[in-house]
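As written, the chain order gives the labels A, B and C, with residue 1 at the start of each chain.
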Amino acid sequence: MTTVQQRTPRPLLVPAVIGALILIAPLVGLLQRAPWSTLIERLTTDAVLDAMRVSLIVSIGAAGACLVFGLPLAWVMARSSGRGIAALRILVLLPMVLPPVVGGTALLFALGRRGLFGEYLDRWFGITLPFTTAGAVVAATFVALPFFVTTVESALRDAGTDLEEAAATLGAGPWATFVHVTLPATRSAIGAGLALSWARALGEFGATITFAGSLGGRTRTLPVETFLALETDPESAVAISVLLLAISIAVLVLLRGRWLQR
Amino acid sequence: MTLDLTGRVARGDLTLDIDLHLSAGLTAITGANGSGKTTLLRVIAGFERLDAGELTIDGEVIDTSGAGPISAAHERPVTMMFQDHRLFDHLSAVDNVAFAARRRRTPRAEARQTAMSHLEAVGMASLADARPRALSLGQRQRVALARTLAAPTRVALLDEPFAAIDESGRAAVRALLPAVDATYVLWVTHDPADATVATQHVSVDRGVVRQTLTR
Amino acid sequence: MRRLAGALAALPLIVSGCSGSGDETTTVMVPSSFTDVTTDIDKARDVEIEWVIAGSSRLVRQLEDGADADLLLTADAETMADAAVRGLVDESLGIVATNRLVLALAPGNPGGINRLEDIARPALLIGICASEVPCGRLATEAAATWDLDIAADTEEPSVRALALKIAAGELDGGLVYATDALAFNLETIDNDRLAVFETEYPAAAIGDASISFFTFLTTSEGREILRDRGFGVP
């Protein structure tokens, strides 16, 4: 038995094609201008390799921070209700729509050396986050966290409390239930959230440059390197962009293929 | 030694006035759909709070609408088998059954061995390594029953345990009920045949929960 | 390839509009460091000017991409020479203003910087511009000439961003333009060795449009505005 596919109403067709083109055309443009013959060469200069290393450390660190802090946050949001939680849900989404530069500035005001909390980090613990790799991780975590939390929270909500109740009647306390039932039941969503937040952290630019600055080998990530290369060596900038594009596509294909398919 | 539950629960449109004093043994709970049978079990299990009244098991206060202490669901000497079986999809059938023992820090091999004997009792030993997703509804319900049998407890709550099991299997599984290792076994049923094994009956009708017969 | 990069660079500027040169209004492209000057000029003159403000090299990319403008001003001679070689500008109008490097200090001088050599102290948080942009090239040049070590903690892509971080006290000090130090009201360490690293702002006309804007900058009123904002005038 095959279902007869519904015919697309004609008025939808043209806008649909235009919509798809808006998304696809820039990618084609980028690929068409990529310096294919010198791509490897341009991607293996010391500056780019340094940026790759920094990007890897920063993005993996940010994804790790999302897991450590985002998972408990997602759980609390999914399992609680009330006005405070509703407000929290909006706040958690904010970094998704906020210009990252604004986020970076806000981070400076909060965690910078002269910032609201940063002053005490500096005075009490001797920790200064700006202009350090750790600062870049903080900036990337700020923008990536919403992707992780929303993905995992909705999965926790969908899963509901049925299995958790079953575990409780079998004598499992809240922590054992979380570890042995909730985590395994939502592991695919956690994986998807990790991949999304990692990809977002890898592409992060505005908050990083504003909060952590840009120093080769320490805070200069691939997107920052791209931005600077545009000034003097646009072809290398495009080469790095192609690399970032390839990684993003790989992540999305992986997500579609393995996790989102059900 | 008795299980005493008296008081009131109000959830939306549903209000239950409860007055139960159960002795050890099998108790069949009957009532129309939506009458509140599941809510009654959920109160005993610890998922719904009493709005008024008290639940005591063997004299120990488990829940009270007053200022007294309340036990959380996992601390109660109560286990429950749900209508929709609620097996853990990430565990095989045998590991589902071994779950309660593992939480009590029983070594894995020993917990599995015990679990296998319970799976055998419900006729599911051959599918011990299967994931719940790969099982039929009736098979899942058998595994869920085995999981409940394996949880050492004083009170076992079974919410329509035979609904998805066909008529021929039902008699065999029903025969297991007296073997449930719990002082009080309460089960919700629609089947008049179940009445034959029960020693007590509880009816839930228009918001009133009471014992109708003690044999 | 270059067109694409130019298009990328132009993205944030679409809002500032690009009217055709056939219009009545004059379109003038100026580098970021001229931002405050543009508002002063708008206040002083009753002529409507459409400003396009961006980093110098981005302005050149925009021109290459076909952006319309009547006048181009860049923050260094190299960038202007680049535009001239590509045939993007027509008539060189000479130097409009000059700018120089200063060592700017965070408010209250938390790093206790009192001489140029202090920028080599690793314990301090020091910022310079990235070598990809003019103020960074100038800083690198100065460091090489005077054999200075710069223990930089960040190489910012724009001098404004750098000055902002010094003003916020996140950096102890950094090498910025005199104009930026003035704009953020920063204390500076005057040093003759830095002062020689001056950058010139050349202007060039595009097409045969009016050059009244350029002439205004050379009047005493125009020079006063530039001086007030920390520029040098030739």
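List of remarks:
Operating definition for what follows: a contact is a pair of C-beta atoms (placed from the backbone, for glycine too) under 8 Å apart; a residue touches a chain by one contact, two chains touch by 3 or more.
The structure displayed is predicted, hence computed values, not measured ones.
Using the average of C-alpha coordinates as each chain's centre, B ends up farthest from subunit C. At the centre of the protein atoms shown, by the Cα-centroid criterion, sits A. Chain geometry summary: the mean Cα position of subunit A and that of subunit B are 44 Å apart. Subunit B and subunit C have Cα centroids lying 77 Å from one another. With each centre defined as the average position of its C-alpha atoms, the distance from subunit A to subunit C rounds to 34 Å.
By the touch criterion given at the top, residues 162-163, 165-174, 176-177, 180-181, 184-185, 187 of subunit A touch subunit B in their complex.
Subunit C meets subunit A in the complex at residues 1-2, 4-5, 8-9, 55, 57-58, 125, 127, 130, 132-133, 152-157, 161, 165, 168-171. Only residues 45-47, 72-75, 78-80, 82, 84, 86-91, 99-100, 102-104, 147, 151, 157 of subunit B touch subunit A when the two sit together in their complex.
Partner subunit C is touched in their complex by these residues of subunit A: 29-30, 33, 35, 108, 112-114, 128, 130-131, 209-210, 212-216, 219-220, 224, 227-232, 234-235, 237-238.
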